[in-house]
């Protein structure tokens, strides 16, 4: 049996250490295995290549015990050396997931103690290291070395070859079309009673086409963050099932807190009151998502439960606006070309602002451009609506990275710098006490909320559209249900 | 007249355009006998080409309006449009165009164009089946016979190296040679009548003399009748047996060539001859006062009347052809009695 | 003896023939050593076959074409190679009437405006004065004033020629080069146009260079005739003399080609064979050799110079010694 | 020989034009300093990482130096790496070129097959009802935005009626690759299933693309035939009684095609650019889709490479047209 | 007959002129004609994606705005883009072509080589490249179109000027001593004007299509500008259910471009002196 998935972006490379984005996670999850693996919702970390780990008291030395029965696709067995080599490769390439590791892990700081034990020595204690080891994808180092050219860590070869131990083996690959994976029977985790023999991931850029294709039966599954109108269409189709899950992907406006008049909390509050949350969520998104009053997803621990969220209230917005000292100028909102939801949100805000006498201009640009501008304090827009996805399931992924001073200007694009908040975030980052961390994040989130550092709108729901012929889909906010080993034909 | 090859009787036609109906040919009568070389002369715009095209059936159909009359070629009405007429065109009646530069297709070799002509119009062609034009077969033996005839005729019109010539494109040969080629192509189907529409106006005097001489000789040798339209009376004198003069779409006078120049009877003919610079360097430079009538609103009756000092009220109806001598016909109420062109008598 | 108003010495004008890459692969010798003089008040006829360089000669004298070599003296001053604008004043007195007057008028300008243009360029006259002058000249060439408002395509060929002349006369020229002024005209119109030339010459005291390929017209109009063949003058002399006793075989053949109404039919006896060679590939020696019935070895090797006595000259090794071959009468049925 | 000379001189001109093109496009692509290093580094990169990458990739050098390096690399067929896919751009382009060529060839075949005969008919039956209808259709064909037409056709034929596939070149992967042209490859490997699939998938995009081209060809053919049909040689051929069909379809058509053929080079350009949007609509995995993706990703180098490749293809096509022209019109060899 | 009368006598040209007149009128009167003039920036989230009815002639869009009103306002943008881009191209291309064609020589060759470079790539591809780098906005669309469109006019004017230079009346004017400027501006330009006008009319149509394509690719005006191309791309998500969403702007583009093409064709028939002479 074959499972065909229509994906919204192209698989330009199969190298798991080069790409880190959610849209192309399928190659990593199906061809490669990590030390741990995220499953289910709320996300849960389960042992994978590693069976367990220990952390030293100072939180610096992390020791992982590995399985000894993991065959790569060519039959050779995985050893700790493979893990070390893979980590070094990832850090050397400085791409993909390496950005999560580089702040805490230097090259050369990983050791194989024996064939089944790996030791990481961190630069600083990190409460989140455990959450990100799932991104250490292990390669068959001997195989890659054979295909290395000019010390490129096998980069050229790995764009269209696989050297993993994952659930599926590469059968065909065409960057313009997609790939076909063939079930790896000898996978260490074994197989259930029912499974797909082949998985095919095709690039179909046009949303409408993907939806049509699923309804026609050309595909068995699609990406799960479709617009509500599309979901509604799919629901009407007999051969489509929608699997609904609350995800951890917060849609918000980043505001450039450094640039006047955004440096004035009153102005920011005016903005927060000028967004029509209900209209947006209720009408445009047709209640397909839920209001998320702060930056931390509602379903993540650390999210303060009692915060109501700002309301759409132009009276209040006007009041706050009147309190703003200094001139009010035309503000610029950058939206993401091709992501019409950002355009609609911006338009909605623009429209409301016009009613309280603030002019807003919208500039649309492709995500890479918007992103690179956001990271440059000079070029950063006044506001940018976008999503913060789950790279790892820890509150730091949201509040830490977006409002902690240590992430200015890279991920903290608003330049928000509040010592009260910073202190709590830093403390939470090294603490190993879960309860303490939760309190710290809740407090931080409240302060950020009171400061109206951004406009937080909703937490996405994941609507996995699948053919009624498919079953066993297992969703996790980290992997977005693209780990196909659990899926199987419905009977 | 049973021996007539071509009879045009009371041909009346014109073109309908934006500005109205332009009545070009008004009751034209003309007769040609087999083997006769007839000059159709008249000033520019008098309708010579239109008449020639009417015979050939290539007047622009969209604007054409036929008012009456007939063109008979050996009893076939050439104004109709059918298989009989198609069989005559290019076979019994052929054509030598005025402009040898643009009358050959520039993107095909001369040989290919002649081949297509022979394929369809060779005298050796039997009744072809109903093949679509592009697929019709061209038998091997006939092709060879035709090719021999082509070479022979090209030599007859004094074209050097005919084999090589056939491989050339039209732009690769000179104007004089092209006109010889057109003559050859007109002769190849072995026609009874060649319509030559000002075949030498585009050429120089020396070449013109060569071409006209050639045409006259071959026509006489092969007994082909030629209708030569020209505005050059000198050329007409050179090769014609008879001349018909047209003025503004009407035939005004027809006569055997010597008679025509010796005793022109129509006032227009007289004035025309008087305008010629004479061979001895003198010559009156009077011209004909007045303008050619507008075809959209021509004067009734004789169209020359407004420019004619002899005109009277009677000229408002078109005079009939009146004989003035053997083969000499004139259409005038007040013909000139004595010849005025003194020289011609000498 | 009076001074010539215009004299041309060894004038050359070659047009390069280019292959690919713009490389010159040869030259058309449109003018290849032309010399003659034009006396005030005279009419010099210039005849020759199409493409022999008649128009090029006229245009080179005018400065429209720049010469490759040689000199032109007009009213005692050297003007060869000077552009029309450089010798602006002198140009006003030397004018060229185009072969196709219809084409020489801007199709989008009314006749009146076209006529005024020379005055705007060359004089500082006011609008009223220009208008008066235009009307005067228009009357002189015999056109009604109503034509001022017409476009070139709205008048007949004969009238276009009159307009062309009027435009030239605007600047009171001394010498007018008339390029084929009657080609394409019917005989009846031609007669009136020719008489107009005569009248204007009287009225404006003009000197003409009269280019034509119609020998009868040239004979009627000109005092002297120059016969051109492939970029050369092959014979020049008083009209009477040339027509009575042509010395060059080419001139002889030209004269033999003119139909004589009432006379013997020339087409039956015409003896000249062939056509002029390609202007870019001239043979060595006399350029008429290929068609000349008298050609001998010397004609194939030596290019004959123009030589002669008195007012007439011919470029033939056997000038005056040869006469046209006896007409071969072909038997006709 | 004259023909070879013409070809050589055209080839010689090609070099400065291409160099000029590269320079112009290079500077266009670098007008606005978006930060390619940051884009490559990814959204979570630290400032130091970005700086390091910038130096590594040479983006910190002066623009003219980068141009020099680019031209040098280009000469060896290296167009650099895509910011987004990280793959060599030259490989990406080469991989997608057959898809686009297959589409444009199919379109041009349709366009010629429709445009020339209809153009002749329209001219021969000038001002008749047929002519009027064809003229209206051809003007319409030129007025329709191709992306819109693509969407509407897709909506009707694929979505509503389910007659044609929605998107792509074939469902899944194509036949074994030999030339990269699916139709050809499936014929060569005698893979009838792939052939059917490939043709069916080609249908809508090719037709969409062909429509404006067919309209253009129709118009040019019509104008060409009208111009020729009144010429003296047609009059002569008619007067000599040659069959009408022979005159029109052989003699007139060849002459009329002279101007049409020169247009086909331009039309190819129109098709190529039309492919950008049409491919995007039909998810055709060709250069157009690649270009649109590169645009969305602000992948300047990829766009640069794409533009240059299109320029080269365009120039080559026009060269071919010129050569063809010398065969159709012998006067060019004069 | 006067030019206008001749124009209106030609049925196709009259329809074309009518369509364009309608476009201009619509653009000017958009605030008056539009039933919901505010809907350029106003949203009615409860009325999203309503099919056409009496209130909303063309239905509503994803924000609940009246499509009919938005399309009327879109006409303004379309006109602005086409007029400015073509205007700039003409202003650059015509003098360059005129001078290059008139003087010829190596400077003319150089100018033409420069335009060759621009013509070596299909215009829309180059426009995409430029618009892409400059970022999406109406101004940049205009810039990209102008920068890539001028060679068309330069080419045309160059060729026409070269042809004109061979004309006898130009030589005659020069022989009369007219200055180069005089010859170029008073003689050549009026005579090639018809070719320029025809090209411009058809060029307007092509420009509108290209601009729409850029809008469609997301390189055009930002939201919520009611630009037609971007409206179509917005609509894609909602097809085939909301068929009216894409149909209306697509049809608007079609009509306008058709208008310019018909007008161009008509003008060609009327202005082309060859045809005019033939008609006489």
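Points to keep in mind about this one:
Per-chain residue numbering starts at 1, and chain names A, B, C, D and E are given in the order in which the chains are listed.
Criterion: contacts are C-beta pairs under 8 Å (C-beta built on N, C-alpha and C of every residue); 3 or more make two chains touch, one makes a residue touch a chain.
Keep in mind that what you see is a predicted model, and the values were worked out from it rather than measured.
Separation of chain A from chain D in touch steps, taking the shortest path, is 1.
Fewest steps needed to get from chain A to chain B, stepping only to touching chains, is 2. Each of C-E and A-E has its own count of C-beta contacts, and the greater count is at A-E. The chain with its CA mean position farthest from that of chain C is A.
Rounded to whole angstrom units, the spacing between the C-alpha centres of chain B and chain D is 53.
Computed from the mean C-alpha positions, the centre of chain C lies at a distance of 55 Å from the centre of chain D. Chain centres here are Cα averages; for chain A and chain C they lie 90 Å apart.
Here the spacing of chain B and chain C, counted between their Cα centres, is 32 Å. Among the residues of chain E, those in touch with two or more other chains are 135, 218, 236, 239. Residues of chain D in contact with at least two other chains: 34, 159, 280, 295-296, 298. Under the contact definition stated at the top, the residues of chain A that touch 2 or more other chains are 206, 337-338, 365-366, 369.
Every residue of chain A that touches chain D in the complex is listed here, in rising order: 4, 10, 12-13, 15, 18, 20, 94-96, 99-100, 102-103, 159, 172, 174-177, 180, 200, 202-206, 209, 212-213, 216, 218, 337-338, 365-369, 371-372, 375-376, 391, 409-411.
The touching residues of chain C, when paired with chain E in their complex, are 62-64, 84-85, 88, 91-92, 96, 98-100, 103-108, 117-118, 121-122, 153, 167.
Residues 126-127, 231-233, 235-246, 249-251, 254-255, 258, 328-331, 334 of chain D are the ones that touch chain B when the two sit in their complex.
Interface residues of chain B, counted against chain C in their complex, comprise 43-44, 174, 176-177, 204-210, 212-213, 216-217, 220-221, 231-235, 237-239, 261-262, 271-272, 275-279, 281-288, 291, 343-344, 346.
On chain D, the positions that touch chain E within their shared complex are 13, 16-18, 20-21, 24-25, 28-32, 34, 135, 139-140, 142-149, 151-152, 155, 159-160, 269-270, 272-273, 276-277, 280, 291-292, 295-296, 298, 300, 303-304, 306-307, 310-311, 314-315.
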